[in-house]
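Letters A, B, C and D mark the chains in the order given here, with residues in each chain numbered from 1 onward.
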Amino acid sequence: MKMLINVPETVVADALRGMAAAHPELTVDVENRVIVRQDAPVAGKVALVSGGGSGHEPLHGGFVGPGMLSAACPGEVFTSPVPDQMVRAAAAVDSGAGVLFIVKNYTGDVLNFDMAAELAEDEGIQVAKVLVNDDVAVTDSLYTAGRRGTGATLFVEKIAGAAAEEGQPLARVEALARQVNEGSRSFGVALSACSTPSKGSPTFDLPAGELELGVGIHGEPGRERRPMMTSGEIADFAVQAILDDLTPRNPVVVLVNGMGATPLLELYGFNAEVQRVLAQRGVVVAHTLVGNYVTSLDMAGASVTLCEVDEELLRLWNAPVRTAGLRWGV
Amino acid sequence: MKMLINVPETVVADALRGMAAAHPELTVDVENRVIVRQDAPVAGKVALVSGGGSGHEPLHGGFVGPGMLSAACPGEVFTSPVPDQMVRAAAAVDSGAGVLFIVKNYTGDVLNFDMAAELAEDEGIQVAKVLVNDDVAVTDSLYTAGRRGTGATLFVEKIAGAAAEEGQPLARVEALARQVNEGSRSFGVALSACSTPSKGSPTFDLPAGELELGVGIHGEPGRERRPMMTSGEIADFAVQAILDDLTPRNPVVVLVNGMGATPLLELYGFNAEVQRVLAQRGVVVAHTLVGNYVTSLDMAGASVTLCEVDEELLRLWNAPVRTAGLRWGV
Amino acid sequence: MLDTDFFRRWMTVTAASVDREADRLTALDSPIGDADHGSNLRRGFTAVTAALEEESPETPGAVLTLAGRRLISTVGGASGPLYGTLLRRTGKALGDAAEVDERLFAEALRAGVDAVMQLGGAAPGDKTMIDALVPAVDRLADGFGAARSAAEQGAEATTPMLARKGRASYLGERSIGHQDPGATSSALLIAALAEAEGK
Amino acid sequence: MLDTDFFRRWMTVTAASVDREADRLTALDSPIGDADHGSNLRRGFTAVTAALEEESPETPGAVLTLAGRRLISTVGGASGPLYGTLLRRTGKALGDAAEVDERLFAEALRAGVDAVMQLGGAAPGDKTMIDALVPAVDRLADGFGAARSAAEQGAEATTPMLARKGRASYLGERSIGHQDPGATSSALLIAALAEAEGK
């Protein structure tokens, strides 16, 4: 696979330099790999820190800014960041009101954020953690690492970010984040595998004419391979998988998310099918977001996330946000 | 190539249905293929209409809204829309203050918009046209169809859109649009070809280890093929090609644009290299935009556009815009 | 004499052969274009056939102007306005006679081709549909078979040409060695004359 | 007795073999993981070697705690905290003696492996690095050569296992038939003991 890079070793640092140039409203520490909103720490405000492997852009760095994250820690491609980054980020953004770590449920992310939380507390920072685990493709049981964190991360970061921006206290922000995660489910499909810079070739083989159902966002293969399906069939399958696990009593916010290489034209067409299925199933849609938000490098494919929202969550969802990747109301 | 579609014939209609569902702030006429901002016509305001083949999303439909386009006409994939769509759009948005057609310089777009302008004038609508032709990869001579319209389209739509939103008259909006085009240049590279739904396979062969320099946005091959280059070398080449043709006396706004399948991580890294070259060449950068704005389906690659801005253009560039694809200040 | 029915057949035969050859036309439009010529014309001529069914135009001129208008309204791209103009102007030149003789048709078609050259600015040798249409019109006096051979040879002759119009012109020297898709579809249009006559 | 130099050599030999085998480790991490295990460990052990040069720790325990801390600070992913904890806890268990005998080392390494099991929650049979580390520790009393064989066999034995921890667990049944990358790198780490001893 050809890539628009210099050498694999500098991919993350190069991207951070480019981000710094494009976003003067962010403080980008290229050496220590921390992206911080420029006005941090904001007095009296709970701070939100997230992070994870690179390759999912705009997640997380693109969601740093007023109304969303206070800081993000990008790891190497598909590799969770190290505790040092998280501690540094927490120290940079804590105003004394405490820090919420938003952690996608992968062994590496969990272990590193756990270590960071201990270290940050040693430095006198109050830390709460919320684990995002929305991917219904993975059976959540004793026999797996548990459901992966994927599209719901955007909802947790947005809604908890809005609550923090309003000045709500750490316990409340944490509870809201947990509520968002509990009401969110995702399912993803891949039409092609992605290639990481260090491997340089697709992470798995996907023969012509087949698709992977239930893929994650790290180039992992899914749970099942099937002959290629139409966009309508994929929507049926994905929404069904989600509704097997979640019975929304409230309206939902829908995220139709591109994995990276699927054209927006196709994503919008896929959204039409997702909306059809939701209408057939009687699910009320409060808002829909279509685009590349939680990506997997150059993977072709898409994921659907439903996030059930009560009035409070919907209000926070609609609250102003000003980041590189998500922006409204300001 | 696998695609997330139903059948090639309905790709554009499906996408419009999906767009309508995601964007209640737009009026999407799926049957007649016109996307209109909901509050159109806005009394006293000059209206902006653009359009072109589909497959370049978010261009143009994603740029409809306050501060940018009044309406967009999506054609079939890579096929200019038909005059009927443009006339319908013009009629829907004209407040009596006149309509500016923003036309990318391709034979099909030019011919169809020309016909539409005649028909709209027959209906009593005052129409002005501006041709976008910023692609320095094509020699602008008697012996070609002239330079293609690519990334500069975003600048023309944004800046002319801001002027129209302020209530400036048609002649002034048109003059500004022309000024933006004249001060803009682009250069694109492809690391892979794209596949159109109707063909279903890559539009040209690009062997492993080679890249196309000077590609357009319709899956056309470029002017030159070379052994694969690093992101730094590509930035050197692209910026050089642009500065051979444009000697900016004022600051520039930079667009580092993804062709569709290139991860944002790589685009940011490429931006770092573009900024390096600009700094070396003494070009002052007023603002930088990095992302997928003028795409070519699932092509991997990127383009660079420089748009020279005086104080007035920069003010209009920074003015509020609220569209699906570009949004700030509101 | 050519009657209204002949012109209808010309259109339906063209529609059938465009449909049959759509993939080849799109394939020709890949190396030097944007891979849509076949699907463009298929969409257009399908609409033409439907419109002829629905509206039942009653003169040769009305058949062609309707077909031209439909192409303009449904094809888009470069070929929509160009082929649309070709048929519309040819139809207009036929006036409202119920039947036209071959000479009048040849003159009308030349007027149509001239309109295409004016609209698109292409001259023979620029590697466009003009390179099939002009030789065809030049040989029309010798019958539809002669025109067909001329169009086919004209289309083939575009292969070594360097494109100066349309998308292929962006390729410069690299456009050489590929047959022009529009010239190829023009040869189908002209070939359909002979086939419509035989029916 | 094993002196400070031995533990330095253990780390530099591991660094060299991780560097040599990085592509293989990444390749093993592709079908059942995310294709980064080789580059993760290469980054980590390169940093370990540099830190040992810079800081010159003076006891076996100090060598391993420094190495563990560096892994935690530079690797990330699952393997960073796990290998980091392995070496840090082993180092801590060694105390600040200037030399340690093989029995003390075996006990310390067991403490390290236990810490890894506690941190990651994996047990033998879950298809992780534990499946190479536990057999190695069990055989350490018989010498580094025996431990090495046990680790290598343990790594190979992961192939038919169904993964229950880490990324590979997402694959369910499809994780069967692939050797675990972390168990493979653990075998390299244990093999480096024998090599460091020989030097």
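The definition used in the following text is that a contact is a pair of C-beta atoms (placed from the backbone, for glycine too) under 8 Å apart; a residue touches a chain by one contact, two chains touch by 3 or more.
Because the structure is a prediction, the values reported are computed rather than measured.
Engineer: Quick check: how many Å separate the C-alpha centres of subunit A and subunit D?
Structural biologist: Taking the mean C-alpha position of each chain, the two centres sit 31 Å apart.
Engineer: Cα centroid separation between subunit A and subunit B, in whole Å?
Structural biologist: That gives a centre separation of 29 Å.
Engineer: Between subunit B and subunit D, tell me the centre distance in angstrom, where each centre is the average of that chain's C-alpha atoms.
Structural biologist: Here subunit B and subunit D have centroids separated by 53 Å.
Engineer: Residue numbers in subunit A touching 2 or more other chains?
Structural biologist: Residue numbers touching two or more other chains: 77.
Engineer: Touching at least two other chains at once: which residues of subunit C meet that condition?
Structural biologist: Where subunit C is concerned, no single residue meets two or more other chains.
Engineer: Classify the inter-chain contact topology: is it line, ring, star, complete, or other?
Structural biologist: Per interface graph, the chains form a line.
Engineer: Chain pairs that touch, all of them, please.
Structural biologist: By the stated definition, chains touch in these pairs: A-B, A-D, B-C.
Engineer: Which of the residues in subunit C end up touching subunit B in this complex?
Structural biologist: Interface residues on the subunit C side: 26-27, 30-36, 38-40, 43, 72-82, 119-120, 164-167, 169-172, 174.
Engineer: What does subunit A use to touch subunit D in their complex?
Structural biologist: 8, 53, 75-84, 106-108, 111-112, 114-115, 137-139, 142-145, 148, 196, 198-199, 203-204, 216, 218-221, 223
Engineer: Show me the residue ranges of subunit A that touch subunit B in the complex, using the header's touch definition.
Structural biologist: Per the stated touch rule, the residues are 2-7, 10-12, 14-19, 21-22, 54-55, 57-58, 62, 77, 191-192, 208-209, 211, 228, 230-232, 234, 256, 260-273, 275, 285, 288-290, 292, 295, 297-298, 300-302, 327-328, 330.
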